[in-house]
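So that you can tell them apart, the chains are marked A, B, C, D, E and F in the order they are listed, and the count of residues begins at 1 in each.
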Amino acid sequence: MKNITPSIQKVLDKFLDEDIGRGDLSLINTEDKFVNAHWISKQNAIFCGGLFIEYIFLKLNASTKVKLKKTDGETLTAGEKILELTGPVASLLSGERTALNLSMHLSGIATATKKMVSYLEGTEIKLADTRKTTPGLRVFEKYAFRCGGGINHRMGLDDAAMLKENHIAWGQSITQSVEELRQNIPWTAKIIVEAETPQQAKEAVQAGADGVLLDEMNPEKISILVPQLREIASIKNKKVIIEASGINPNNIKKYLSTGIDLISSSAAITKSPWIDFSMRFNSPEQDLL
Amino acid sequence: MKNITPSIQKVLDKFLDEDIGRGDLSLINTEDKFVNAHWISKQNAIFCGGLFIEYIFLKLNASTKVKLKKTDGETLTAGEKILELTGPVASLLSGERTALNLSMHLSGIATATKKMVSYLEGTEIKLADTRKTTPGLRVFEKYAFRCGGGINHRMGLDDAAMLKENHIAWGQSITQSVEELRQNIPWTAKIIVEAETPQQAKEAVQAGADGVLLDEMNPEKISILVPQLREIASIKNKKVIIEASGINPNNIKKYLSTGIDLISSSAAITKSPWIDFSMRFNSPEQDLL
Amino acid sequence: MKNITPSIQKVLDKFLDEDIGRGDLSLINTEDKFVNAHWISKQNAIFCGGLFIEYIFLKLNASTKVKLKKTDGETLTAGEKILELTGPVASLLSGERTALNLSMHLSGIATATKKMVSYLEGTEIKLADTRKTTPGLRVFEKYAFRCGGGINHRMGLDDAAMLKENHIAWGQSITQSVEELRQNIPWTAKIIVEAETPQQAKEAVQAGADGVLLDEMNPEKISILVPQLREIASIKNKKVIIEASGINPNNIKKYLSTGIDLISSSAAITKSPWIDFSMRFNSPEQDLL
Amino acid sequence: MKNITPSIQKVLDKFLDEDIGRGDLSLINTEDKFVNAHWISKQNAIFCGGLFIEYIFLKLNASTKVKLKKTDGETLTAGEKILELTGPVASLLSGERTALNLSMHLSGIATATKKMVSYLEGTEIKLADTRKTTPGLRVFEKYAFRCGGGINHRMGLDDAAMLKENHIAWGQSITQSVEELRQNIPWTAKIIVEAETPQQAKEAVQAGADGVLLDEMNPEKISILVPQLREIASIKNKKVIIEASGINPNNIKKYLSTGIDLISSSAAITKSPWIDFSMRFNSPEQDLL
Amino acid sequence: MKNITPSIQKVLDKFLDEDIGRGDLSLINTEDKFVNAHWISKQNAIFCGGLFIEYIFLKLNASTKVKLKKTDGETLTAGEKILELTGPVASLLSGERTALNLSMHLSGIATATKKMVSYLEGTEIKLADTRKTTPGLRVFEKYAFRCGGGINHRMGLDDAAMLKENHIAWGQSITQSVEELRQNIPWTAKIIVEAETPQQAKEAVQAGADGVLLDEMNPEKISILVPQLREIASIKNKKVIIEASGINPNNIKKYLSTGIDLISSSAAITKSPWIDFSMRFNSPEQDLL
Amino acid sequence: MKNITPSIQKVLDKFLDEDIGRGDLSLINTEDKFVNAHWISKQNAIFCGGLFIEYIFLKLNASTKVKLKKTDGETLTAGEKILELTGPVASLLSGERTALNLSMHLSGIATATKKMVSYLEGTEIKLADTRKTTPGLRVFEKYAFRCGGGINHRMGLDDAAMLKENHIAWGQSITQSVEELRQNIPWTAKIIVEAETPQQAKEAVQAGADGVLLDEMNPEKISILVPQLREIASIKNKKVIIEASGINPNNIKKYLSTGIDLISSSAAITKSPWIDFSMRFNSPEQDLL
């Protein structure tokens, strides 16, 4: 998502409508005048959301100017200036909360992701997100996860097939299911199998899965399993991506040498607090600088 | 929000579309069969989101049955069953993540709200939310806040007028602004002034504001100010709602005897982790019970 | 509503689509040329709708120029010029009817409101609208009511709570209902009770309602009741807004000294004829001026 | 419009959303109980809107029952019952205003149309509406006009071509324009020319227009012109529809013998007051009947 | 459709969203740079779609420039340049497929239409399309049909009434049906009857239909029938449009002297292959020219 | 796409709205009666579209019954019955064209796909579609392609990354680009490179692409290249999917033994004529059977 596509534009419009409702009651007469304002971060953080801020303010008034001091993914120090704004005070006030809410939330995710990614430094292991995202916000939250240094897992039910416990419990065998999927899904789509047991993982790789997710297995079990899976894949002349879940800052160290490719974790999206930013109007003195 | 209005229905549809995209790739042949499933909470929590779950699953298949074991606002103990589902396995799988994501997020908010509200027990002070809500989710998150025992602040820029630091900095005096607003906004809308100083607070009450928000003032200052504000209001034969912000579990005790009416806090919405729920298909044995 | 918010923009787009349908059939070859046009009022009126006209014509062709001679709320004399337009004749013709229909309807409301408001001159009583508005047009019609000098009542079911005859007939007592509402609605939302009898009005004020609507009571009854209600409120150290309905130009004089704060009336919105405007292309001679 | 098409359903949903907004605040605990209600007309009128009422209430709660006592176009006497409703009191209250507003407005139009149509009794002349309709309401208002006995003019810019003063002023001759249109528009679409002068009318018929609108011509002029136009058409072996505008109850008699086919008039839509209906909950006694 | 109306804009936005989905994954770092590109036709064709291309690319990036070398309806020779583009390479790549797909499809229709129209040269007979159009594409495909020299039949069920075999089988007689329709539909709407037999055709004209469609009748039968229909119409002082269907390039010659006005055929829309265009980035050398 | 998701439902609603517009004018009084109808195929074909037909007719009237005689992907013989319908004649007539247009178009695609797939019988090669799909119809057309026995290529720009000539011309080397993509796209997304030359194909596989598209290479060149690519992949312990384009029924035989995995071809979607179906009302005699 490097462009703000028409569908994103429409979502941002709805975000504004949600806050403004039938019209901002607090506007008063003096608010047509042009003023300068800026945003400050109150915390150390990884910034995210700049991509959307300009669109939000310009939608309310096309003559507004937004000048980003930070690009998405950059580090913010407490007290640092994030951006500068010039525009009619009424538009700045009506868009303020929507723009802040979005970027404070996304920066919270980027910041938490960066923290978790830092534990993986020096390894080849990547951090992936999950489909646990706030309804309506998926492309935004997954973008924030990328800004924090993570890599995205599938974006929805439609861009990769994933057999999970619930599929396996009621469906056919893993082997049959993988084969059936391969006949039906786009050839560009990967097949991943969530394995509860080493046996399931081996069956999945044998059946030709592109990836296996070792669900909440302990590091010892994984260390033994990974070379076995690589061996099966190798015989089939394939590469398999091995992913593990159930990992958090407390237990992550033990997984670093298990040979896995990926750690998938929803925490940066489902458990991270927002970063605190505030918008301030420049005092006349500041405007002279 | 006791009904699922047409606009909420449309939003829930979009939540489903976001996850399903161009179609759920993981569905396999056996997934037309009807199965029983249930949801379990993995944590102690206040439940929220039940209001929307039935709609979500029925939208995918009208023959699905959802039976809630808990209503919104009720307590969940780790391991407790939240609801039971019967329907085609394909529909249950396609709706699972959307329904879970929404209610796990909302239950996180309700749970955090309840915790914060508990500090206020034995007092007349209420806990109010703010406009810091995830874009696109406001009616849902404010509903969760109510389920946790909080009371909503204004829902948007259009249902109450609030003069904030940014308005005051560039506008007219508080007195002029309050008067101007009173001439222009619906008579049913209240006017609240965010005061940085006791002097501003007094001017606001004198000007006839319905409420004042004492922004990050210390409890000592507030204790002195509150009776002064009540006195000014009383002379005008009015009631003023006095609200304070900048309060958290660490400092809340000091505010309990200041005489304020409301504490407004965004933390339950912007800083609460999701509660962990999972959906499980009943094993054949469970189905026999 | 000082800005044209994204949601208003979308509604105006739909207004255009409604008239243009699958494309304006009447356009002919010469209609790409730029021309000048203007609008004339055929009647004395209060103008309303200028806020939306520029958006409508620019949506069809961004190079069109609209120059308003009157702002919303100003007086128009029959024959007076309202605005000037320059743009491709095709765009002017395709947008003409939509722009005229909207502003002729809104000016009708503003004009009728102004008339009714004039009866209140010299008093402190304000004229308020109701929720009787044409479906789909509420923000527009309530804006026109403001342009005519009225003040808005609540904008919808969601920004103030109002207990009406129908609620009271089937619900609990007024006292119970007001208390229950107070626990559940945003603290920023006012509670109004529609009272059919003096007894109901007193109970409502006693219960803490922010306003009472005296529904179609005669002026004598109201004159006695108002001081009683003020007294009850005063004891509770509160201010109550007293509103009366069922008032029209024929009986309004008798209400002017009853002590009420507000008259609410739907007539300016539900009974006012449109004001007649017409768009005319400048003749070559006019263009030389 | 005998069916409620998907697009009408969507518009009705938006009407509900407009009034309910973020949720009906006035609902109280007792409002889940099922009750009976009915609608009464306070005036003599032609009823219109019944087609939409059931959809509106069922959208809020599918278990609601609506039983119409009158079909659209039927006469209502003051005090007469329009319909009966059974459903959860909360749904009835939330949908009440939207359903009433729509049908009160439409019944106003149907009633005014019927009145105007009555002047034409005993003649072959029909009453047609215009494109002066409230933005967003065209299919509804034109339906109401039909219910009152009128006939619709074109529904939009796209289903018939109409050359008007503004086209003619800046375009080519009427003859050239009619020919050019004939080459470009669907063959199923008629061409109508609005004529300011008898000469324009004759040129239009000569050029093959399907209809001419004699714009605000006096009855004497029209009486002379009509046979001339019929003669020109007859030579071309065509039928031309002759329409006149600028006619109102005061001058209509003089037009009845002019030989015209149609009178087009916007007044029933742009100048008619709403008819007053009210919804009342049945008292327990009424429910026993 | 000479303007891109708001509703067309919204449809074009959705076309882009359909292809881009959650974001174009293939974009790489260098793709912010501005480049020049052009479109080439690989086949001889009638061009169509230029009207929409500029909008599509500008929606993705407002700084893009599109310079059409051909206007809709013009002839393209294989190898000929259609248009030139300058813009950020990322936007050109993200919009490429949508813009090409639309214009390749529409040019296919225009080309096939032109071919079929060429058989009618030297006659007064016109080629009309039908309602067999790809769902969602009607205004586009009917526009392409016009660009190919055809004339549109009705655009939908709402802008002309057409009695077809299925209506007649279950309804009343043709005469009754035509009369009933005349009382109910807008006076601007024509009535067409699809006749399976000469008898039905005669009844239709006698009843006052504006057009008759002779459905798959052979040329001999039509040659006899046409003068009979003209005679009936003439007696009624009316003109009737006579349309025939079931005609294709193989049998068309025999119909040219039957006296019909119109041939309606869906083939150009339902059976025409796309024309092959391709977008190429200019090499540095080309950019120097 | 085994379910009709909310977004598909919305698209089908729009298809109906497109045809019905402001209301079906052709409906007459007798059309409320319930009738039986059926669909017949006039040609041999592969059926497609049944999945959507029931939804379309039920949206217009929920009491309609649709009984499919064929499921999507099954063979139809000319004259064979496709489905039976019972419902109010008005609803059947209003939905007829939309339902037929969609399934006639999709059956055309399924039929053409099946034909092309038949050339591949006895080989391991699969037929894949492309992103050349009619705007707005992608999920439908790709579904039809699957029903004809083909396999889908990527669904949009967002579910697999594909480096094409245009990327390579202006971007970095293939190697750099593939690496950069791998760092940025979801790990579940495959990377495909469109190669114009054997050298590009080898570089792509060496760089780790998941697939290469050999663009319009002749079979001799491909036969030499395929084992080389397999060898490079094998050294990297990977599997590469080798796809060829520019293949049609005339030249396909020569490609069957080249060792490729996939043939991608847009022809079944961009060049296939619709299959002719018709809806007929049962005669009273038929209803007795």
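Some points to look at:
FYI, a contact is a pair of C-beta atoms (placed from the backbone, for glycine too) under 8 Å apart; a residue touches a chain by one contact, two chains touch by 3 or more.
The model shown is predicted, which means the values in this text are computed figures rather than measured ones.
Placing every chain at the mean of its C-alpha atoms, the farthest one from chain F is found to be C.
The pairing of chain C with chain E is characterised as different-residue: of all residue numbers used at this interface, under half are used by both copies.
For chain A, the chain with the farthest CA centroid is D. Summary of the copy comparison: rotating chain B onto chain D for the best CA superposition needs 120 degrees, to the nearest 5.
Among the pairs E-F and D-E, the greater number of C-beta contacts is found at E-F. In this assembly, the C-alpha centroid of chain A lies 23 Å from the C-alpha centroid of chain B. Once the centre of each chain is set as its mean CA position, chain B and chain F turn out to be 44 Å apart.
Inter-chain spacing, taken between the CA centroids of chain B and chain E, is 52 Å.
In chain D, 14, 20-24, 31, 94, 138, 155-156, 158-160, 184-186, 189 are the positions where the chain touches two or more neighbouring chains simultaneously. Interface residues of chain D, counted against chain C in their complex, comprise 11, 14-15, 18-26, 28-31, 33, 35, 37, 89, 92-94, 96-98, 100-102, 104-105, 131-138, 155-164, 166-167, 169-172, 177, 180-181, 184-186, 189, 270-271, 273-274, 279-281, 283. Contact residues on chain D toward chain E in their complex (touch as defined above): 126, 128, 146, 151-155, 158-160, 183-190, 192, 211, 233-234, 236-239, 241, 262. Residue ranges on chain B touching chain F, taken from their complex, read 13-14, 16-17, 20, 22-24, 27, 31, 59-61, 90-91, 94.
Residue ranges of chain D in contact with chain F, taken from their complex: 1-3, 5-7, 10, 138-139, 155-156, 159.
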